[in-house]
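The same subunit A turns up in both complexes below, where it pairs with subunit B and then with subunit C.
Up next, the complex of A and B:
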């Protein structure tokens, strides 16, 4: 079983936000959506949440009772305490009484938020607040969990905690669609969707994406074509879509970051802005 | 730095509007509306010599009622119902002039004019015998406080939800837009109602302002007025992305209410070109109701016009604003792009 967005096209005024995008989110899996700013990640997530009207295409999602959503913002009410935030959202989903108390305690413990239970959300660190938002999104055990950049701006330790929570949610049977700007994080997802300017550049498991990557990437200190090169540490990487690098060039094993940049560059050169 | 500031300013249309529209608005208001002098008052002449007396009155008195069979009680009723500002009761010597003290500036200028008549006229000021400003201002200030809570506080409360992104979260939850709207507005309605009671009680206790009318009629008028100003607050929240924008926009609504509702400057003294704005403002009608009920003990039937206008405004403004707000919450709203807007800008660095 899976949830999906099929052939979705979304337009905001004259801007094409999604262009014929099809993404499937299987139950029990994490699908990571990556792409640069303005790639359409949030629009794709909102489309699956039923929050964006499609110009064309279809959305297959669960009823609202079974949907969990963490927006790109904090996802919690600043003046309410951690407990009050959870209780408010749980109440909307009909979770009350002993069941709520037990579920709240379990989630606070898993998220490491028990010591902060009485603190207003405004007084939490960025990482703690994102974890609170995540807890609020899963309090009702949704079958589809949509997370908009859950770890952006979060310290590395909290990112690990968040990723553990995401994995646990998927392991317990939720279909998870999350956007992220951290490509190392995305590599851990079961499926990847790489977006650029509203279009899917590539999608599949990390291994499938790497296997299907056309061309080669070289590493050098002086790229032959500046417009096809990008910095990686002290060196530059250069993309050769036709797999025809100069003789003697040092080949690099492309990771997800290389793949996303290379495919985005290829699209730019193919479709000049 | 200067160029940068101008560029930012040009993009901030609300601030530009404040910088350009506000001085113009103030100029127009203070030029045409800021006038305490009432050049003409509505007058009634009753009693056996009503026609003769009416003919003798100077043009300052705009005689709208002449009733030979009328007596002092009838004259009082005309004043209580705010049909006229002054009523002359003939058939006695000297003639009795009853003045509506709840219409402060008209009453002050009327008393000044009558004093020139010397012993031929006995002047009696009703509803505000000592012509105290506080008696007239407090019923209006109650409305101003309700306006403040209804527009600024409500709009900030709703916009904060949008700023924090929690409105987006509410939109995907299994909760009806009407429940969200009710849940957001009801607390402000209750707080504003409590504030109204406190201010009214304090006004009576501290300033001796009378409450001569029916409290239920007053509550009804205040309730309708609250719906109008809450509607304005909700509307402001739908056109504002930040609390700062909401305050700026609310200021545009508040300033005319303060200056053109007749609360400070009498509507009768304003130039006709500005006065009509006053008749579009809800505070104008609430002030008519609150002063009428508190000072004159006027009945609902006498105040039917402001009640009907406020009821109409409440239905139109509140319904329109909540429908707009509901649109923001509705699923599949095409008019609301995410913060991350698709652009053709570079997504990756090639440096």
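Up next, the complex of A and C:
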């Protein structure tokens, strides 16, 4: 059982926002989408949520009331308290009375927000506000949870808290699609999708992505081809798409950062990979 | 030790009853990229503001370029705040001209990647390019000390790699660089790391020195959803990692007992902890005490 977008193409005016993108989000899994500004992350998320019109392709999502969505903006109302924010959204889904009280208490506790229950959202720290947004997205136990950069600008401790909440949602059976700018989060997801200018650069589990990476990466202080090299600490890494580095070169074990840079460079230099 | 570009010796700063920085000693030497890590409220910003002479220390001594951080010495400093410090209503070229003149330097030459934005208003330029402009502005007067606040956070991976090329080139020319960050990707680009928690410097050195005695365990089981719920309910700091469950600061034997009691078979294995797990444990310790 999974939700998906298949062969999706989205155009805004003359901009190709998504170009033939297929992504599947299995139930009980976290799928992380990474990519820079303008890579198409938000468009992909909104496509699966049924909020953008596809030029071509198909979307398979749950009915509206089974969908939870955390937008990249705060996702809560600044003037309402934490409790009021949750109750308002719960009301939309018909969650009221004792059931609401129990669900609210459970979620506040899990998110560590119980002490802040009476505080207006405007007075929460960035991390707390993202956790509130998450709680609001999940209050009705959605079967598909879509999170747009839940952890951007959030301090590391809140990031770990958020990742635990996301994990918990997947463990209790939701399909989760989230975007992030942090590669370590993508490494931790069951599946990762790397987007670059509206196209999928690579996708799969981190192990699959590593195993399928074409070519080799070497480490050196003096790269042979500047345009294929990038910084890693005091050294530089260099990509050899044809796996043909000079003899005696020191090979590096490429991590996700190396893989994303290498494949982005390959795409820019138009080398088939 | 002589020759440090930035130095703090037993520096403390109090705000009323709050001790924001508590007896911290650190230094940045020429050619070094030092990462200053810590959660929000750990005291990173207060420490930086003292070292730059923007606020006074309650006690202890700070030195910038071998003396007190006065105006004259601050001229040899480059600073890139997280919000870039650029003017949205000015073009890229105007922003660079403005900051170059403020420091009495020549206008910097735009690299090819930025030249197409030369006459575009900063607010209409993509974030990655904005960061590059902020760097050019901070570097125009060839500063001896660079202070960077999360320089590559939110920037796409290629643009981030280009920024690190620029940062490293400065270090190779002898500048000392202090990077405040709470992201692993940035920490791993540094030569040496400092970790602050609750106003104190709690660890210093390589990534291994920073994670210190923190432990982490990977739990692998076919019944991962139930195992996750059981461990979470037991109060363990759990998270998913692919199909495995990761638990920070845990003892494999104890976790095994908890799972066994719930009738779950699992393999447990010690794995290398992350800097973030160390920060989480520190933050919980601070709350408990």
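Going forward, the second predicted complex is superposed on the first by the 270 of 273 C-alpha atoms of A that agree within 3 Å, B and C clash if a C-alpha of one lies under 4 Å from a C-alpha of the other, contacts with A are read in each partner's own complex, and residues count from 1 in each chain.
Quick note on the criterion: contacts are C-beta pairs under 8 Å (C-beta built on N, C-alpha and C of every residue); 3 or more make two chains touch, one makes a residue touch a chain.
The structure displayed is predicted, hence computed values, not measured ones.
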{"item": "Which superposed partner A:92 touches (first subunit B, second subunit C, both, neither)", "value": "first"}
{"item": "First, second, both or neither for A:230, with subunit B first and subunit C second", "value": "both"}
{"item": "Which of subunit B and subunit C A:261 touches, first, second, both or neither", "value": "both"}
{"item": "Which superposed partner A:14 touches (first subunit B, second subunit C, both, neither)", "value": "neither"}
{"item": "Touching partner for A:69 - first (subunit B), second (subunit C), both, neither", "value": "first"}
{"item": "Which of subunit B and subunit C A:35 touches, first, second, both or neither", "value": "both"}
{"item": "Which superposed partner A:247 touches (first subunit B, second subunit C, both, neither)", "value": "neither"}
{"item": "First (subunit B), second (subunit C), both or neither touched by A:50", "value": "first"}
{"item": "First, second, both or neither for A:78, with subunit B first and subunit C second", "value": "first"}
{"item": "Footprint overlap on subunit A, where subunit B in one structure and subunit C in the other make contact", "value": "35-39, 230-231, 260-261, 264-265"}
{"item": "Residue ranges of subunit C in contact with subunit A within the complex", "value": "39-40, 126-128, 153-159, 161, 164-165, 168, 182-185, 188-191, 224-225, 228-229, 232, 237-243, 245-246, 274-277, 279-280, 283"}
{"item": "Parts of subunit A lying in touch with subunit B, wherever the complex brings them together", "value": "12-13, 15-17, 35-43, 46, 49-54, 63-65, 67, 69-78, 89, 92-93, 196-198, 226-231, 260-261, 264-265, 268, 273"}
{"item": "Subunit A residues within the subunit C interface of the complex", "value": "28, 30, 35-39, 125, 127, 152-153, 155-157, 159-160, 163-164, 166-168, 170-173, 181-184, 187-190, 205-207, 230-234, 257, 260-261, 264-265"}
{"item": "Residues of subunit B defined as touching subunit A within the complex", "value": "164-166, 168-169, 171-175, 331-334, 337-351"}
